[in-house]
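Next come two complexes, and both contain chain A; in the first it sits with chain B, in the second with chain C.
Take a look at the complex of A and B:
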């Protein structure tokens, strides 16, 4: 099974190197088939103008049958975007990363989805249960069972 | 016995012990399902030789794993026959509507295509398969076979085949191995160009067989999913049974466990959705109990559906079909039993404490604890001033610091009256609760009583001529006592909620008789053994056991009949009663 995940990621990487990433998204590093980093910014007239975020993808051996673990990186130089679906530790509550994941989605399509999630944000705020969640959140966001609200953003 | 069968038409002429042989005869109203079950499954029905059903018993059948499977298959066949669709489609339709045949038929007749779409059988309309994910359409050599003729057992011959997505009965595997090469189709999931076998549902979202296998296996094994959707993003089609078992999963020889798990998940969904079926809740028991009489909520107000599954276990797997409160809470019905337990959980300890440590304000009835100070009380809530000792208003005490010698002042008497009323209701609750708890406690101690009795039985064998078989009467008596204590326990819950009147008095008379009989027998069991009088003891114990059992019967019988007649009136609103 591990071979499927490696082969698939190799293919995605080739595509990214050949055709480039969508505007606003840059591949920072993809040294192995376990963890990839991207930088992401939202272009145009949005609430996040000028902000650059760092995305981390973690893949297990069952990718793409199982979804990748995706989160924003929070360190000295990066913050998680302030968004009603993004917790301050970088975890993202988005159904396509959980229930609605489909194996035909790819790293690039996840990036685009997240970009549009940010782009359509109307007010910069944290999820209402941010403090409680962050205090007890597991390291891997895939271990959290998110309750997906009706998507308004 | 067969000659009996020959000439007696009237079923009432049968002896009880004939009935297990001739079960199709008893109850001519037995549904066709039952008949089928009887014929087909023979030994799976380990129903003990049935005597005439008592009013406190409920008709039920125990079904083995295979019997449930057959029930499920019968439903599928039924629907397939009515709608003229194949078994796979019928199963998906039933699955979608939680195995409610009537609703399915109604909805399907109303709008067949909408139901098919909702059930994940066909796509909403021709145009909509999400274009990015659907790769290439294949035009196979048009050997289109009717989907209805395809059965899981049939081996798919390698050959291109494609079915139009709009047909509601076409949600089946589409195999296109030969064409893959010339079109250079690559699975969009694994991008493995060495793959040659591709599968899709009727949505034609094609993926290689290996990816399907990994996906379906994961869904079944890790997520316990019973409805497996197409892998394409946003595609709502559900993989039918044949697709999962024949196409997506590896051959049975390679992975038997996943197949079994899949069947199990389907079966569980069927049982969970069918109100007249319940799994036996005992650990690792595989039986299912069918009890159509108790399948509606409203039926639970007129009976206590205590059922036993067919497992040959000691003690038997007895449970309540209507609730999970206790295996046998006869004679009281589920909603009342639930109400009582809730009350006990909330109130008992608190009530005890309140009763011994507080008094109520004589004006607003707030409960007040006096934790120090003098007897001049001022209610925090209503500011009423009163005397803690006589409960009369403080104003009547004048300015005297403590002169509560006005014991008979009218206001004081009234206040004490009001208070005693509220105490009385507490008192009343505790009366029932204590008796309830007492029987529960005694029943819990029955393990101890058993071992004590065991010793006594040994002792008897040593000191008298009695054999092991002959001392079994002791054990029987203990069994009976325990059983009756359970009945008694729940009669107190029932009596607490029964409205005053003749009916309740009769109920309590029965209760008293049973309790007295049980206590008598209990005492006898605990009494020391006099070797001289063992035969007398034996006689006495046996007699009393019979009597106790009789009283228990009367108690249960009368209460059950009362429920059927709607004789019992409650002093509080009970769920399901007006």
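Take a look at the complex of A and C:
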């Protein structure tokens, strides 16, 4: 029998294949139960009109008891969205990925939350401590202890 | 890829919803030893919510504060799930057969979906034939509402006995648009007849006395939506289905049913009750314990003391979870000590097998190296909005990640646990 995390992820994948992903979110690849990629864009009249971002999910063997490590991919074709909670290395300061994670949440619900985080953005700017953070950031954003603002996402 | 049972196995939304409603929202499996949180009433597998509670002291669904003392075994739900586990495969089979039959005789199905009141009123409907039609329908309803398989259709009209073969496909299938002068085509019903005939529509072996409701239902046995049909006694007259269903109700006659088999659990030898846990284990404060004391804790539960202190603690913690979780189950469903140890070993093996998720050590490097591949994938994904690229379309991804593991892959879960404690 496969591990709990693999079985749970398999179910989520089945649901995505059956029901599709929410509007603006597409599964790019899910070749194993460790790393999945999605493309995400914010539709409608927002600051990110026309921009397409790429999200990476990394799962450990404790998923969904422990949260997935989620970040925007930064490469030649993708940038992290300019947002007060998103660092230029793609790391995201969102409570749902840390303290507020719940095992009843899913990959799809994280995507939707991040999408609405972008949709509600009022001004495009990096977090004030961006340079300092990016210089010393761990590879895995889960190792960062973010301090969440009052306007939690 | 592994086969993981899932609500999507079912062809119809109602059955999918039923299956989903009996699943834990943490693990997605059918509830295993469900417990209810007394503050909010949400339910989870005991083992799932016990693992969660080690990290967060709130309900995963509504975030209401909670703790282990608020867990109550939900024995009713446990039984429901137990019955569903038994029945699930049969229901699945029947639902699929039903779909196939429905596709084969969709003309009849179309008739079925027309509400009774929408039958075109016609002057040429003789009172007797109208009454007959009505009576027939009422009988069908009666049959489908009843749980007794002894209900017998009685047709009052003393029409001469006709061979079932005379029921022509056309006349049946078109009945909805024709005058409901169905009596002459009605196969006469002899309540005492035990004759089994071949259904002229689908060819199935059907008792003569239930052939009319069978055909009326489009060979789905009774005129009800698929999910409700299943409990019909006419279906139960089919020998095969009968044993299948009786195992669900434990009504006897089935191979696995019967009240006798109930207490025996999963066929395990329950003769020695000392093999089944009966007492809860208390959480330990590992921080204040010496190595020797932790090893002692493991020894008390007949658990191995291999590995280091970290491994001991992790082992004991998880054993506590599965031990206390099995106590939330009915006696017949509890694991034995030996099974708990086996489960613990399996859990440890899985954790050891799982490479740390930080295996992709440098995201930027990694994605750059695969850039061309990703571009292609994005295009592919754009073309195909719902489906992920087929497995063989992206051979590079998993292969690459295997090639680039960090030499000392950090064990993230353990690290984060350490940070919390």
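Here is the rule we go by: the second predicted complex is superposed on the first by the 149 of 153 C-alpha atoms of A that agree within 3 Å, B and C clash if a C-alpha of one lies under 4 Å from a C-alpha of the other, contacts with A are read in each partner's own complex, and residues count from 1 in each chain.
Keep in mind that, in the parts below, a residue touches a chain if its C-beta (ideal position, glycine included) is under 8 Å from a C-beta of that chain, and two chains touch if they have at least 3 such contacts.
Since we're looking at a predicted model, the values are computed, not measured.
Chain A has more of its residues touched by C than by the other of chain B and chain C.
Within the superposed three-chain model, A:35 lies in touch with chain C and out of touch with chain B [touch as defined at top]. Once chain A of one complex is fitted onto chain A of the other, the partner contacts of A:104 extend to both chain B and chain C. Legend: residue contacts after superposition of the two complexes on their common chain; A:132 is shown touching neither chain B nor chain C. In the superposed pair of complexes, A:124 makes contact with neither chain B nor chain C. Once the two complexes are laid over each other on the shared chain, residue contacts for A:65 go to chain B and to chain C alike.
In the superposed model, A:11 lies in contact with both chain B and chain C. By the document's definition of touching, of the two partners only chain C reaches A:140; chain B does not. Residue overlap on chain A between its contacts with chain B in one complex and with chain C in the other: 1, 4, 7-8, 11, 62, 64-66, 102-104. Residues of chain A touching chain B in their complex: 1, 4, 7-8, 11, 62, 64-66, 100, 102-105.
Chain A makes touch with chain C in their complex at residues 1-8, 10-18, 20-21, 26-32, 34-35, 37, 39, 52, 54, 56, 58-62, 64-66, 69, 71, 73-78, 89-90, 102-104, 139-140, 142-143, 145. Listing the residues of chain B that touch chain A in their complex gives 133, 188-192, 205, 207, 210-211, 214-215, 218, 231-235. Only residues 1-2, 4, 6, 8, 25-29, 48, 51-52, 55-56, 60-61, 63, 346, 350-351, 354-364, 367-368, 371, 374-375, 377-378, 381-382, 385-389, 391, 394, 397-398, 401, 412-413, 415-416, 419 of chain C touch chain A when the two sit together in their complex.
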